[in-house]
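One chain, subunit A, links the two complexes that follow: it is found with subunit B in the first and with subunit C in the second.
Moving on, here comes the complex of A and B:
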């Protein structure tokens, strides 16, 4: 009886919220299954295939963070790639030049990006949510300038190389497969943390903000603190992604952290389905892995991707996850009809 | 002193360009709540289209300019409104803003792939000479930019303030519901602002491209400064966009000369943050009231 009720409700958003408690375990199961599959997936895929899979997961982390900011709290951040750059450079410098342990560098990268997120978000969110977009836009450019100009620290356009990979219990993770498995574990932990966060009262508060900020405020939600926190945590995820990106690629330069890359990350959130926990994985798949398969179209891929996202926004602003959900609702709805018909 | 005057004139000239872009940006924002993140690409593309038309059809410059400009205004004025904004605005402001980001990527990559990844010369309509005024050498191009841009902005102010059509447009921007009740064709007015936005972008593009050259990545900086100009001046004011544009242009030019050439971009960004902290409604703006 419950299925037709959710299926029949008028707007997709309502049905999403209604379906949430039921789908929560589904998400957890998907995450665990996905982690197991990805643990074994690259066997026999070769170095490059494994690298692409790892890159997909690393980008998913950054997109996950942005999904929290955009999809759950409804804020536009145009600096996710810049935050990722901050994390990547911090990790590269700390582990490569200072010889610090990767785990410490990972934590510091997250802390730095979290703190910078608070610093940026505070003045912007004092005014209006729109202003965060412009402040982060400015910040993106600033970071890019620093990465390019401060050669003594960042290596300028030549970037930083010889970034060491972390080790686990004394085991070096220099092989592509070993490091991929490490990335799978870290991604899994971060995804679970986010899953838990969304289900907690915090997550509910984030969603209340997106749906109706004024009402949330009048219900006693400290809107400024929660929006600020959502943005800072989302930024910290970019820092974590950067901390994994640096040892994965083993060479970083300013170009993957430019403003257009931040735009690209936002498009991945939307393509995957903003406000869906698994959306970022789909979005990053479309944005990172698909271009590897579509090598033929080459640099045209960006245009193709952007066009797809625009069409998707017109047809179904909930992205691929929304489409899947719609399809699933239709399917189960039909099944129910068939059952009742049989009875 | 002579040096200072030269930098000041250069700053006013680039500032006038930012003002043109910022005015279009605020107009579109006022009438349709569209935050156009492709605004910089709007200024980049007309010059590229003109050169492309010349290259493809082997047309003379005037014909190429005509084809390029007409195509741009048609596609990115009216077409943008009908094909992107209209179907998307019902989903809210956020998806639309993201769609304009997608559009900016398409425009930028499209210009790179269909045209050229290298900067190309763009014909100038004034001689590239400098004149000497009070010991300062001033580029004639800068003077021409200032004159044309201010003439265009003046014309726009006259149109908005003194013509029937312009006042209808203003009414639409201020209160679409009441405007509709008064019998103003609101939809057509919104379309008009998009066409005006595209036309302003064309003017800015034709003025700046002889100096900056036509390149696919030009939009990044111009767009950034147009946003800053719009916010610094006051998000909801055409007058504010003008003041903001000039201020950002002058600050940028002086910062490049006297502070640091490699960090010239950073100074206007700092200006932005200071304004947001101290006077978030902008220099010329009024406080917006919030409705539930």
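Moving on, here comes the complex of A and C:
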């Protein structure tokens, strides 16, 4: 698990960089192993379990995108669910109404959200922190109003139903297990792409942007381009998630793309561990799968869920990934010396 | 040889009680949190009441009912998961959801599994998709709105009407159903006002209504919003008749709106105040158990369980697919199944046909003024 570039002095950072190749491989191994396990996991789980797993992965993609904008580049966005909605509606309309191939619709959804993210990124150059959050909040509401009010296009409050599922080499993916495996593959590809990006100079530029934009600029990082890119790529991931969400649920209406869902995605980033590559999977697990597990406690399940999340964030503001990292460091004794030394 | 027969008989006798104790599982997938929580909680309580009644009297064909409630959070993705879970767990029939969006997202699942799904939704489009396994538990908007238009024309004698609706699937469906009916009756729509789900302040909308000078106001909002609108209308001094459909005259609205609800009139599909002893009896039982008055959603939930019971007893076996086949096109009479409360005809597309009522709120109570016949008597 990679750590975010820490706020500490140079000493721990150097030790992290020295340990980087090993930890990076760890993430790759985790992703590959995870994909293999998830490929076989639903066997014998029933359609419900399979569906929840697929939903978890789809939400993970959206959270990965937000993790890039927030966790790596430090830009607070409250529009991730709106971008997911753009992708979902684009895919639903292109495949359902125009009969387009899902792969083309997937690519177009990504392109549309990338382009809109780029446009929305411009105010991000001028406003910072909560002001940026307000700009994205306004955008989120705007998208939601369009989805709801433009009934001729989006079906309005009645939503769009009978969204077709894609096929692979002529094989229809209508079954729960087949579609789940398809989602696993797409999620894996997107996660690997992000893993590669974070390791590339782009990833380092994003982190520099988060830690100290002035210093980054003085070192020759084009802050304008990287801010826009972080926003656009993060949004495109939401678009990809939407493109999978629509055929997964086979029905969309504006409610899963409202402002409150953007907040929920933000919660998943923070609870999973913002700035950790595997954080989004843990965050989405908390946000999507935990409430389903908690159904056994009956009508109190949402209260129990909220309590768990609050306790988690009090105990560990860096999210579950931060907690795991601390635990790992304690177990191996690594970093401890460096940290105390730094202090 | 004789011994073997005795053994077989003994084994058979032993297994009988085991069979009798066997349970039939119904799963209720409903809005217990989010925007639909008020409607969903009433629906759930109605179901629990029916299940307790039926189990106390020996269950369905000797089997006790096991009921499980799953929350949809008023979210389509979660509703779909919950219905899928219900089917994976071997539900005999699915009850709910109540809101049309969650129904739209989950109805294909029950359809594919060939399991009857009895829903509380009233939106017109639900039964227009050729789903053979979806059944309503109340009149649809397409059935209710012509009655309202007729009432506005003949009884209220309104030449123009202000239409206030909530911009969700329920409100938009109602609005799209009433406007053509008003036009057909030669009534002018003075002003057409969409409002938000969960809206707190209705002062601006009430002023728009007042300025429109309409002869009557048709209010089509969810429970809490209806009450807030009535209060705002009273504050703005609107004296024109307030006309509504079921929700506006519901117990929850009357409780929340207080004085402002007095004088409200309209059409009621199901009401615990209807002049039918079985309804009032239900109302009393509900009040005693939950300590508040049930609205129409409580009645819908109650009837849904009895629809499943009636169909099962009619086919004399527990055949999941058979429940839907038996319900389609059937007429259930209270003489055959008292729990259905009033004669109900199920159309082949899953719509219902029933008597309904005209009502008025007087001194904080809903009073039924007339009973309207079935559409196809």
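To be clear about the criterion, the second predicted complex is superposed on the first by the 286 of 343 C-alpha atoms of A that agree within 3 Å, B and C clash if a C-alpha of one lies under 4 Å from a C-alpha of the other, contacts with A are read in each partner's own complex, and residues count from 1 in each chain.
Assume a contact is a pair of C-beta atoms (placed from the backbone, for glycine too) under 8 Å apart; a residue touches a chain by one contact, two chains touch by 3 or more.
A quick note: this is a predicted structure, and the numbers were derived from the prediction, not measured.
Of the two partner chains placed by superposition, only subunit B is touched by A:76; subunit C is not. In the superposition on chain A, contact of A:270 is made with subunit B only, not with subunit C. Which of subunit B and subunit C touches more residues of subunit A is settled by the count: it is B.
After overlaying the two complexes on the shared chain, residue contacts for A:96 are found with neither subunit B nor subunit C.
Within the superposed three-chain model, A:156 lies in touch with subunit C and out of touch with subunit B [touch as defined at top]. By the touch criterion defined above, A:302 reaches both subunit B and subunit C.
In the superposition on chain A, A:117 contacts neither subunit B nor subunit C.
Of the two partner chains placed around the shared chain by superposition, neither subunit B nor subunit C is touched by A:42. Of the two partner chains placed by the overlay, neither subunit B nor subunit C lies in contact with A:166.
The residues of subunit A shared by its contacts with subunit B and with subunit C are 149, 299, 302. Of all residues in subunit C, only 32-33, 69-71, 73-77, 80-81, 84-85, 87-89, 100-101, 104-105, 108, 123, 125, 129, 167-169, 171-173 touch subunit A in the complex they form.
Put simply, subunit B touches subunit A in their complex at residues 35, 37, 84, 87-88, 91-92, 94-95, 97-99, 101-106, 108-110, 112-113, 220, 224, 227-228, 231, 262-263, 265-266, 269, 272-273, 276-277, 280, 290, 292. Only residues 70, 74, 76, 123-124, 126-128, 130-131, 133-135, 137-139, 141-142, 145, 149, 214-215, 259-260, 263-264, 266-267, 270, 299-300, 302-303, 306-307, 309-310, 313-314, 317 of subunit A touch subunit B when the two sit together in their complex. For subunit A in complex with subunit C, the residues that touch the partner chain are 46-49, 51-52, 55, 148-149, 151, 156-159, 161-162, 245, 249-253, 255-256, 292, 295, 298-299, 301-302.
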